[in-house]
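Okay, so chain A shows up in both of these, paired with chain B first and chain C after.
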Partner chain A sequence: MRLALELVVPHEWERIDLIREAVGRCAMAVFADEEAKDALSMVCSELLENAMKYGSPGADVTLSIGEDADGLVVTVSNAVDEASRHVSELRERIEWLRGCADPAEAYTQALAKIYAQGNVDESGLGIVRIAYEGGCRIECDTSQPRRVIVHARRPRPAAAGARA
Partner chain B sequence: MADFRFSIDLPVTSRWENVDLLRTSVQSCFTAVFQDVDGCHAIAMVTGELLENAVKYGAWTLTPGSFRLRVEGGERGATITVENPIVPDDPNVAALIGTLRWIGGFANASDAYRAKLLEIASAPRGGSASGLGLVRVAYEGNCTLDAELGERAVRVKAVLRL
Partner chain C sequence: MKLLFAPIERGPLRVFARAGSHNVVAFEGVLREQDPAAWLCPLIDTIHARATDEHFKEVVLDLRRLEYANAAAWKCIVYWVQLLKDGGESSYHLRIYSDDKHRWQHIGMTALRVFGQSRLEITVYREGQLA
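Entry: the complex of A and B
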């Protein structure tokens, strides 16, 4: 049996904490796995923060969690302004991640860069956390005009029933 | 105006702790999407009652494992469906159908609620299941209740109007 969750929410920061809590509790109920709960909560939170930070104000944001043959997929879709630099910077960030030997190395490099520059806000650390701490492969779909869709994929944890 | 909504479809193991995890999760989802305090309490109560029934009355000895929770919510209401395994001639299913018919026999859910409270108050203590949970869903949750019977599962659906 597969899980599916979808929320269409307004572009408002205060929604993120509630969603993180909701996702964490769903993950615990399905997987009974603290690591999966923490990872899914963090991934959703980071992707939603990016959507709120860089998305078009006033447009809705969609979060979905589902499964495919490779495992769990967290997807966040949001509108972006035409002049936004976010899409190209996000693509560059994902390309850079893929060029790193592993997510741990990317994480270390990202932290070193923040330390050197003293700027966390535009560091792109969220995407690196998703890859390293969340164990996710990240893809970005910008095929629709003025919309960015980010997928974060990770292996499915064993369901609680399967372990019992 | 954007069509804000949410949907949840989860396989859940039959553990009591999952009732509270999912009740509060559904409540948080509803609040995150709609910021509707009254609605979030109603949907949480309905979800909790249906999940409790699934854990309590599902045929877990013969078919251990998972049941299924589905919730779809919009601005005007929500549909909460819980599906759990049953066995042939399951007495819990007969009781469920009996309770739904009993509720349906009243002019409104408020009358059913009052009658159920009187029935519980006059019954000897420590008796069998009261059926109050489903009556709460109908009255306090303002829900229409329905049950679909399959060969190996029963699906209880509550349609909540906000």
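Entry: the complex of A and C
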């Protein structure tokens, strides 16, 4: 059994938690793995939150979960306004994350920034959480105009066996 | 006994001061709002002021029945830890009850310990029992 989902999500914050729960159930059904369930549901939730917070108001957001040769891939795609600073900040955050020795260190640094500067609005903690807590490698595709596509990849749970 | 604050219900989240205690703040459900700081940081300020003015030795933040919190909510917990740092020598200790069955708590608390120093205690439960 393999996990393959694609959802077009209206730009409505209340939908996110329903999707978080649904993804968790699907992951549990396919992998029977609590860690994968928690990780995938959290990753989807945080990516959808970012898409709705910083994406074009009213525009749908696409969420897909699939598998490739490297493991599981969660992809969120959303439109952004021309003037949005989000794209460059997201790219910078992901680059910074890549430069960190390990995700735990990055997470501690992100918390340290909040601790030092107060409740900063755009701390990027969600993205760092995806890397640390979700065990994901994050990539960002901004090659299309006014669109951001974020991929979060993590290994397939070992107990889930080979792809069917 | 005067309650720390009146109970709060926000969709799937319930926040309340535990009856019969003067210093226990409990969260239950799911905390995943877009801007939790808008109401949670003022609530933390209120509790912090009361605990400081009345010389509480400890405030307990019981998260064991909080199934999930988003990154924005985590920032509010960091904000509370930051208040402890700024509270001077007379400040109280913050004790967090977490449950390892919620993986997000297990992982997040590990990082949070770095900042709390001597003012933050984390008591870990596993499936309702002290770990």
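In this section, the second predicted complex is superposed on the first by the 155 of 164 C-alpha atoms of A that agree within 3 Å, B and C clash if a C-alpha of one lies under 4 Å from a C-alpha of the other, contacts with A are read in each partner's own complex, and residues count from 1 in each chain.
FYI, a contact is a pair of C-beta atoms (placed from the backbone, for glycine too) under 8 Å apart; a residue touches a chain by one contact, two chains touch by 3 or more.
In this text, all values refer to a predicted model and were calculated from it rather than measured experimentally.
In the three-chain model built by superposing on chain A, chain B and chain C fit together without any clash.
Looking at the shared chain after the overlay, A:Y132 reaches chain C, while chain B stays out of its contact range.
In the superposition on chain A, no contact is made by A:E67 with either chain B or chain C.
In the superposition on chain A, A:M42 contacts chain C only, with no contact to chain B. When the shared chain is aligned, chain B comes close enough to touch A:I19, but chain C does not. In the superposed model, A:E89 lies in contact with neither chain B nor chain C. Of the two partner chains, chain C is the only one that A:I114 touches; chain B does not reach it. The superposed model places chain B and chain C at 100 degrees from each other around the C-alpha centre of chain A, with the value given to the nearest 10. Judged by the touch definition given at the top, the superposed model places A:E6 against chain B, while chain C stays out of reach. When the two complexes are overlaid on their common chain A, residue A:D33 makes contact with neither chain B nor chain C.
Closest C-alpha contact of chain B with chain C, superposed model: 15 Å. Here chain B touches chain A in the complex through residues 2-13, 15, 18, 21-22, 24-26, 28-29, 31-33, 64-66, 68, going by the rule given at the top. The residues of chain C lying in touch with chain A in their complex are 12, 30, 32-34, 37, 41, 68, 70-72, 74-76, 78-79, 81-82, 85, 103-104, 107-108, 110-112, 114-115. Of all the residues in chain A, the ones that touch chain C in their complex are 13, 16-17, 20, 34-35, 38-39, 42, 45-46, 49, 52-53, 104, 107-108, 111-112, 114-115, 118-120, 123, 125-126, 129, 132-133. Taken in their complex, chain A has these residues touching chain B: 1-10, 15, 18-19, 21-23, 25-26, 28-30, 32, 59-60, 159-161, 164.
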